[in-house]
Amino acid sequence: MVNQVTVGIIGAGRIGRLHADNLRVMPSYKLKSISEAYMTEELVAWAESRGLGAVFTDGEAILNDPEIDAVFICTPTDTHASWIERAARAGKHIFCEKPISMSSAETSRALQIAKEAGVLLQVGFNRRMDPNFRKLKQLVQAGELGRPHIVKITSRDPQPPGEAYVLSSGGMFMDMTIHDFDMARYLMDEEVAEVYTRGANLIDPMFGRCSDVDTAVITLTFTSGAICVIDNSRQAVYGYDQRVEVFGSQGAAVADNCRQTTVEVSTATAVTRDQPLHFFLERYNQAFTDEVAAFAQSIIQQQPAVCSGYDGQQAQLIAEAALESHRTGLPVKLSAFAEKECPEIEAL
Amino acid sequence: MVNQVTVGIIGAGRIGRLHADNLRVMPSYKLKSISEAYMTEELVAWAESRGLGAVFTDGEAILNDPEIDAVFICTPTDTHASWIERAARAGKHIFCEKPISMSSAETSRALQIAKEAGVLLQVGFNRRMDPNFRKLKQLVQAGELGRPHIVKITSRDPQPPGEAYVLSSGGMFMDMTIHDFDMARYLMDEEVAEVYTRGANLIDPMFGRCSDVDTAVITLTFTSGAICVIDNSRQAVYGYDQRVEVFGSQGAAVADNCRQTTVEVSTATAVTRDQPLHFFLERYNQAFTDEVAAFAQSIIQQQPAVCSGYDGQQAQLIAEAALESHRTGLPVKLSAFAEKECPEIEAL
Amino acid sequence: MVNQVTVGIIGAGRIGRLHADNLRVMPSYKLKSISEAYMTEELVAWAESRGLGAVFTDGEAILNDPEIDAVFICTPTDTHASWIERAARAGKHIFCEKPISMSSAETSRALQIAKEAGVLLQVGFNRRMDPNFRKLKQLVQAGELGRPHIVKITSRDPQPPGEAYVLSSGGMFMDMTIHDFDMARYLMDEEVAEVYTRGANLIDPMFGRCSDVDTAVITLTFTSGAICVIDNSRQAVYGYDQRVEVFGSQGAAVADNCRQTTVEVSTATAVTRDQPLHFFLERYNQAFTDEVAAFAQSIIQQQPAVCSGYDGQQAQLIAEAALESHRTGLPVKLSAFAEKECPEIEAL
Amino acid sequence: MVNQVTVGIIGAGRIGRLHADNLRVMPSYKLKSISEAYMTEELVAWAESRGLGAVFTDGEAILNDPEIDAVFICTPTDTHASWIERAARAGKHIFCEKPISMSSAETSRALQIAKEAGVLLQVGFNRRMDPNFRKLKQLVQAGELGRPHIVKITSRDPQPPGEAYVLSSGGMFMDMTIHDFDMARYLMDEEVAEVYTRGANLIDPMFGRCSDVDTAVITLTFTSGAICVIDNSRQAVYGYDQRVEVFGSQGAAVADNCRQTTVEVSTATAVTRDQPLHFFLERYNQAFTDEVAAFAQSIIQQQPAVCSGYDGQQAQLIAEAALESHRTGLPVKLSAFAEKECPEIEAL
């Protein structure tokens, strides 16, 4: 492992296969094996088409392989923490999809074990690698916008998920807004002090039946007094709406949506242009590539992860606080909430 | 007064003179007189240059003129309610600058008297007439965006006012955000149920000394569950930032800033375009003309005002509730608040 | 005439009335009288509604009025030169609509007489006053684009004129492109050396029957070697398309179309925005006001006109050369052509 | 060769290596070997890093390999025709970089031989695959713009090439504008009838010393009467300027430049956004991938090439005619010119 990281992927669902395809063509990786608890003929055929000889039903086989330097954990969320612990004990570096878990206490324990094992852990908040948002981050860091006062994040999905997904998702805040919570922390480089959630069920009564919301505006107050507002919807009929704005004492920067082409068509009835790129696979295509490239670089050059376990934990805590605010109708102070949820968090 | 309304202006400050210049060139108006308590040589010269023979120190002289059909109240806010009452009792139609007063009880009484006198009362929320926001309203009314779910209003001033202005302004919510509260109600055509304010003092400690804020994010929840979020700043260094977005079940519409020219310049160092129009006189130039044209039309055609006294009162109530939320750090339900502040509001 | 110019308008068609309405509300003007050879009841009513007592059938009555400082010549083109001569001999300053005439020789004589009479003459190339193009001019003059290499002018009408208009228009180059020829000279501040025209009849065979074109691309070569390309169409179904680009050694500047609002609407089927402003009355509304304001300022401050008789003559010459190029299919050198058409041009 | 094409690359310069890197990760290709007359240690190391065992100094070795289905000709232009002939005689399908040659007669002969050999020949006009221009093509083909009247192509390089390159380039029309000539034919799906060139040497006297131009506006007239205008510059200081517009009887479509991000930054001094992507490797990154994918698909599915030898020949003819027009200062009819240059062209 001088300039190449040998990896295995645990979990061969949509995101696991996406990573596999990206890893295959990157010289910094050697993808050796993959595991999937629910083996199908279709999966075997897929693995073969990618030249992946080793397909296991149990990820332990990957962890037991001494050639493996690192693993990608792409299993269902409720198994993430367990796999982190086992991978850490096997001495493998870890790339884990978000969220780390549904429970702050569980996350804390997993992170503690990874820390003790001395392995690198990166959480899959891929949007940090989006070229647009990365430019916002650079502008903030370079001080070109002065001191940030207001951050606005618009994050709307093109179409709502099905009931089964909603029931197992952990709710909109944990499943969807968690990306925006991470984005807010990433851009501000500062911690959130308070959360206020105004959620609603406006799109489909199914969400209400699942005790979930489909529409929300969440206000985050940072310790400096700066304010972030996030608006979410499970259904933007015109496509995946992903915009971010940072407003500061010296200026503002706005990242607009991406579109397939720049073409504008003018006719007798309308002037039209492309809708936003359809969904996350299209919009964050580059970011998915760049986050795995960054993971290899962190391992090889022994640098911190671009998105650490602590980052993953904080986003999860904010999501839990947002849900609490939604339930009570009141603002929630994050410090008190964190202490209640995972008293050992300070130990990290 | 068949096709022309004879008017007098009470108060010859900046806004009074702005209306005077607009009225002068409109065939639907005959501007006859103006009054100003603080008479100066400069004012006399100005009035002469506009061919305005009659300049009084007391607005009563205008109210006593039987030829006058309507008055424009452009005095300091703390005298608005009193002038409304006196003008109503004199049988004059009333165009009153915002806010109607600093006290809900006072506003209720003034509106009651105007109602009993049977005169038309229009409040100067000029932004309702801005071509961009009018188009948003039309899209909402025509159902082209479906049922509105989220409204986002960005409203930032180019430079902060001085301390004297801040002290007499009634605070940012009553002075500045009140426009946005009216815009939210105008676009949604629905009442606000709850207000949550997150304010901050980030620009100049002077605001804090005045017990005011300079930065805020306010969340309004409508009775239907739809959510509006407003972000305000007293200082956007790049110019007057006035954008509105309506997101609904069938689509979204975004009104961007206006700029002096469409020119984009590309050089070796940057690609640049114009900053937003500097401030409200430039941006809402057309709206100031259109609101006074609408007032004449309402009088001549005996139609309701485009922005009624009730609208003015509601925006004022929301501003008061926003301040209460800022003070307590908690969301404020508008119904309970309104009852407490002005129990007679239901009578209107 | 210290700070106010007393004017009469000769010709009360569309453009004459447009100027009348603009002049009426400008303090630098006193509009005293108007003349129109084809008197109608509708015209009398219009004049009355504007408070214009004096409506003559013969413009001579205006020229004979010693109070009149300046006249606006808004008659059919074939009478422009004659009115310029008569107004000049009467000592009146002259604002003349474009083109000055259909004949270079006739134009030269009229300009010679105006010059000898020492009156100010401004030609109505209103686009010089458009805020967008004015900004381009300022950028070029300030050297921000370096040395200009390529100028691109797109000029397309929303709908074709009728046959009667076409027959009396002098052809597309003299009627429509002449504005673009003036814009090219204005932006470059340099003379045209050669013209090449590629015209076509693609929209309506009527244009061909009238020996005219409805579509054209014209290449102008400047004496410095810089190149301008103009593309014209008599029918852009999406509206009035008026864009200009200047490309130079240090950068490029692009002036886009103007639109009624900035609103962008995104739905499940399309992302749309406003079409360009419909036609010249909407697009150049401000420019029409500004050019007459500039005329008064030039008279009062005894400064050169923003668009001189010489400018009018040059644009006319280029239009004639463009037609010659279209007829022969060959590039036409302007120097030889000018000498042939109006040998006395150097005398000016 | 059922679903995979085995290829060799003749010429390992910049473009040959670019293709190599694209081919390597495409499942439809097996890249077997590469040849380069000027072997260096650096090249050997590069080939090794790509896992390319076979690196020959003579392309014949590739042509002699019976496993090779197709070759990419990436050698200097003056050897293209010769390699086409040899590859065709060896029965290999051919992807040839543009232009095919510097001589129409030579090109005709090479195409004739390829035709007789029955091999597929694709010319590397990669811009046909650019997503923006492909959308323009689809709009034209679907009739959404009606009958095309005017096509405008802006094509400007970010920085001028060196003298050695200029001397061997065949001149700007053959080296650079040839892409635009192909784009014009591609979008119009029609042949060019006449060419008029207005060229200039405005950027660097070096171009003049090389008997070349650095700035040009070229007018193409199509057989239908539609007109295309191309403007070229060897130096746009703000980046690679690649815009195309199609204007037709039912509407217009404009393809703007591509930029790295959508971020717009507003400060007290300016509102800025990204410059265009730097040069062809960045802008046409996707197009380079897509053109080689299309070549494999054409071979596998036995379909015509997306850009045929005939297309390459026509663009070359137009370039020669453009140079002739520049030299004579007169428009050049393509039919007469083609006959003179390569009488056998009809035979294809």
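Should a chain be cited, it is by its letter among A, B, C and D, assigned in written order, with residues numbered from 1 in that chain.
Quick note on the criterion: contacts are C-beta pairs under 8 Å (C-beta built on N, C-alpha and C of every residue); 3 or more make two chains touch, one makes a residue touch a chain.
For reference, the UniProt names are A, B, C, D = Myo-inositol 2-dehydrogenase.
Please read all numbers here as calculations on a predicted model, not as lab measurements.
> Which chain has its C-alpha centroid at the greatest distance from the C-alpha centroid of chain C?
A
> Assuming a repeat means more than half of the contact pairs shared by residue number, which candidate in A-D, B-D or C-D repeats A-B?
C-D
> Mind checking the centre-to-centre distance between chain C and chain D? Centres are C-alpha means, answer in whole Å.
Those two chain centres are 42 Å apart.
> If you average the CA atoms of chain A and of chain C, how many Å lie between those two points?
Chain A and chain C have C-alpha centres separated by 59 Å.
> Report the inter-centroid distance (CA atoms only) between chain B and chain C in whole Å.
Averaging C-alpha atoms per chain gives centres 41 Å apart.
> Indicate the residues of chain B shared as contacts by at least two other chains.
236-238, 250-252, 266-268
> Using the touch rule from the top, collect the residues of chain C that touch chain B in their complex.
On the chain C side, the touching residues are 25, 131-132, 135-136, 139, 144-145, 250-258, 260-268.
> In their complex, what parts of chain C are in touch with chain D?
146-147, 149-150, 152, 154, 156, 194, 196, 198, 200-203, 215-217, 219, 221, 225-227, 229, 231, 233, 235-238, 241, 247, 249-252, 329-331
> Along chain D, where are the residues that touch chain B in the complex?
236-239, 266-268, 270-276
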